[in-house]
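There are two complexes below, and they share subunit A, which is joined by subunit B in the first and by subunit C in the second.
Coming up: the complex of A and B.
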């Protein structure tokens, strides 16, 4: 019997998800034993033409990581979808939009301006060339994929059958997913392949969390020595454990850093950041409006912190450009 | 862009406001306003919740996403909460949520919290009218359209089969 064929592809991502596959270490040999990798541009020599030449549905599963922002990424996502029976959104970016999704806090115009216009990020660009779908230069014309107006997650563009959450997905969950494919024991389509309990549920520090509201001020991890035993929230550090799915074996907590929410929301939650806001705000130890506002003001970059991995999955999706611009302190009533 | 130099409101547009009122105080007050025949702006859609502490920030965002131009929250006065401290939790969430809305380019005045006791029918009338005027000044809320999730392959196939 032929081994099931699998593929890996990346869109707008950092390469950390590919690293996670490499992190399988010796286990990857067991994986290669049972599956054939037929597409993995990051690590092996396959071309787009090779994939286009495959009959539709050739791959049992294709793991696509990264958010989607360019016309090329959309086209590749559609190609991978066509050629595979199951498409797996691999990692936070494909699942929720991820860190690249934070670009939805800015307009495309202001991003291009920052990168190419005033020379903040580029080293040498005296002519202020802004790359577009077609750029004419004396040396010839250059075609590039088009940059969309906003960052989307994978299932905004194509149908997705499974989601492997995490930034990057924990090795154990990857192995479980591959095993399920090989043994043909996949759960119902649309499932997030991780436990459906909050991180706090099995946090070793849970017992140190008091019942009553206790946050008198917020701090950032570099500002205080972090107690390795106590709940981060009791130390004033924003931990998204209450609103984040478990399955990561508390990797950050074990490393004495608070959860930043990469595993995404639990199945009953529509908007992860709002759920986190609800949990954290209600723990502020004050009943006074202006005092509450002072405490909340200590959270720098609230939107970016609550939605670090999921701005494109939030109800607001993108910063509105109509009203007052961000960062304005709100007067409390 | 500040609110003051926004262009004129679209013709025929009326502010739409979702109001979350707690069962024990503000909703009872709005009942009182009704039986007392107090007239006030008809732009609010009132949703009764058992306590202002029940109002998940997701409700507010979902209301804005569903087309509300503003959200009004009404709860019991501090110290009067039927559940002891639900309104304090509401206050804390409200404070942080306003900051989030502001960072997302949404004027925080689109979200308002008022403590209205069961006897204060006139306050429901006044606050509602004020809120409608406030939103009228701000204009319609325009959010970036939300892309639709495509779902999984099988669900799409089943939907297609059902349509045939």
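Coming up: the complex of A and C.
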């Protein structure tokens, strides 16, 4: 019998997810033993035409990382979808929108302006040309993918069967997922392939967390020497562990840094940032409104902290509009 | 990621019923338009409007649709759920539909009564109907549960309130644990000589009750004891009692020989330190239980008492004991303390030996008090003139803003008794005379006729600095007489400060132990100031007497009776019904992050350390939702308020406006 065929593709991503595959190290040989990699532009020479030439559903699974921001990424996502039996959103960006998703706090116009506009010092683009789908220059005409109005998760564009969370996904979860595909022991479609309990469950510092509300100030990691034994929240450091899936083997906690939430929300939570904020606000020691305001004011960059990996998944931005039009949120330009 | 909108019992078939409420709603909201709109909503199989949905024919409309058209979810758009939610739930139940497959949209208080424009009212009503229809599709059938109620009561505090409540409950055949932290029961009332306005002897009416409660077969009297800890919930409380060592056993006959031989002398706290007592003592001769007690801090350990005790009742080896009891109901009757006038140095209490508090004079006029019922100055002579200063520590923003309610009347009583016993000239300095109550104003009239002086004005200070010969060796009361508009100096031999009533010092600790609320001052908070004056926000816990606020004896006794009868009624019913809007914790999803533990105002959540998850006690959960909102894992699910139901409601409102 033929080995199952798998593919890897990247959209708007940093390359860290590809690194995670490489991080499989010797394990990757075991993977290659049992599957055929038929598409992996980052590591091997495949062309789009090669994929288009495959019969639909050729790949048992295609792992797509990165958020979706351009017309090209959308087209590739659709192609990968067609050519694979299971499409796996790989990593935080494909799963939730990821760090690129924070761009949704700004309009497309203001982003292009910031990159190519008057305020940017540049010697290579003195004419301040803003590249578009078709850009005419003396040297010739240029065709580029179109930048969409907002950053989307993979499942905003195509149906996704499984999600491998994490920035990047932990090696163990990747191996488990590949094994499940090879052995055809996949869970119900739509499953996030990670434990459905929050990080606190595994956290070695949980015992030092009090049972009564205790937060009386917030600080940032660079401001204090961090006690390696104590719950970060008790030290005033915003840790998203209570609102984030486990499965990462406490990588950040072991490194003495609080959880930033890359594994995403639990299955029962729709908005990870709101859940985390609600929990943190509940844990504030004071009931006095002005005192609470003072403590809350110490939280820096709330949107970037609570939605570091999930702005396109949040309820923020025109929820009703989205339902009415069936579209995804889009800040007005 | 979340795929929902499925209902437990197949496709929802929603019936929507728009009420006219006469013209209350129909006069402002286009009910026909809302009805037509409702029939266009997903899953709605029938939409109707009717003049009065709460009437029998209105309810029958719903019931007929349940029976004939298979409606399995009901929305009624009418008034506030506070008014008729129960009505419509019952109507659904009578037709065989689970009463919680029902949702109410309030288009009267929230729409027709508060909108100016009819179009606006109609579109707002549509939005609320849409929200209700979207959320009701997700409603699950729920069941109310019953929890048995134990037939034992804990009464805390054995003053007149606690004694009265204990007797009532014990008489109804239930077991009562009556807990008192002093060595004898009786509370403040046991210190009084006479009671106003009838001037009947306090001891004569109180001691028979004290004796009866102590001998009652259904009452277990626990003195020198305090409540350490309370856990559990209505009907099933577990209470830890700490019994302090008495060092004298129940074999004590009260003969008093031990007291005679005891060499250790201490200020007598029962007499506010105005007399001495031995290290082995009892508060007063009629103390109940009539056993002596050793103040171990004052005891020299000479054991002379042991030698003379014929009953062999002395036990120097006794230790504090913690006992656990199970009760179904709790009555708190922990009383008050009096204001400490040292806080007001201008009145000289503690500095001038002839300035007394009212409670000290209560003891002085009492035949069993330190002076055997005589009113005497510090030098043993009788006063020729006495000033009684009202509102000390009351009606004053600097001390306590409240009126202590009983001071006018007890000041009149003391004025009468002092005048009767000494013939002295008595001056009352008052702000306002407050004598509402049966026979109270008449008593005031009587005092006026007896020749007691009344000066209307707050006393500025009391000084021993004479300005005239008549003031030599006297205490001079300086006060404004607001009726004649002058400042007066009145020299007297004795000053009585009518101190106000305050919450017990440990009221806030008590509040926490019993999980009830306090006003900011520390008075226990009743569930409703008019309609539930002895209930608290914690089911199964009632309050009686001055722990709830200043009150006189008749009111206290009435409250004790009310609290007792409510406790009796609950225990006779034998169970409590628990509304099903409680939370459930999904152990699989709970990470044990502890966020919810400190949230619950009812102490219904605790941590199972073995499993590492939070667990909720369904009987204690009131369905407030605080924990569900705080849970960052979505592991806490509140029935009737699941995240998905709330999202659907929000989306319903937002999508149709």
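Here is the rule we go by: the second predicted complex is superposed on the first by the 310 of 333 C-alpha atoms of A that agree within 3 Å, B and C clash if a C-alpha of one lies under 4 Å from a C-alpha of the other, contacts with A are read in each partner's own complex, and residues count from 1 in each chain.
Note that in this section a contact is a pair of C-beta atoms (placed from the backbone, for glycine too) under 8 Å apart; a residue touches a chain by one contact, two chains touch by 3 or more.
As the structure is a computational prediction, the values presented were derived from the model and not from experiment.
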Practice prompt. Tell me which partner A:200 touches in the superposition: subunit B (first), subunit C (second), both or neither.
Written response: second
Worksheet item: Which one hits more subunit A residues, subunit B or subunit C?
Response: B
Worksheet item: After lining up the shared chain so the two structures overlap, which partner does A:287 touch, if you call subunit B first and subunit C second: first, second, both or neither?
Response: first
Worksheet item: After superposition on the shared chain, which partner residues are touched by A:156: those of subunit B (first), subunit C (second), both, or neither?
Response: first
Discussion item. Quick check on the superposed pair: does A:190 touch subunit B, subunit C, both, or neither? Answer first, second, both or neither.
Written reply: both
Worksheet item: First (subunit B), second (subunit C), both or neither: which does A:124 touch?
Response: neither
Worksheet item: Touching A:29 in the superposition: subunit B (first), subunit C (second), both, neither?
Response: neither
Worksheet item: If you stack the two complexes on chain A, which partner ends up touching A:278: first (subunit B), second (subunit C), both, or neither?
Response: both
Discussion item. Taking the stated contact definition, name every residue in subunit A that is touched by subunit B in one complex and by subunit C in the other, in rising order.
Written reply: 155, 190, 213, 269-270, 275, 278, 282, 319-320, 323-324
Worksheet item: Within the complex, which stretch of subunit A touches subunit C?
Response: 155, 163, 190, 192, 196-201, 206, 209-213, 241-243, 246, 265-270, 275-276, 278-279, 282-283, 319-320, 323-324
Worksheet, complete the sentence: Residue positions on subunit B within touch of subunit A in the complex are 1-3, 6, 53, 56-58, 60-62, 64-65, 78, 85, 88-89, 91-93, 95-100, 102-108, 110, 112-113, 138-139, 141-156
Worksheet item: Which residues, counting only subunit A, touch subunit B once they are in their complex?
Response: 86-87, 104-105, 150, 152, 155-162, 189-190, 213, 269-271, 273-275, 277-278, 280-282, 284, 286-287, 289, 292-293, 296-297, 299, 301-303, 306, 312, 314-330, 332-333
Discussion item. Applying the document's contact rule, which stretches of subunit C touch subunit A when the two form their complex?
Written reply: 1-3, 586, 588-599, 607, 612, 626, 629-635, 637, 643, 647, 651, 654-655
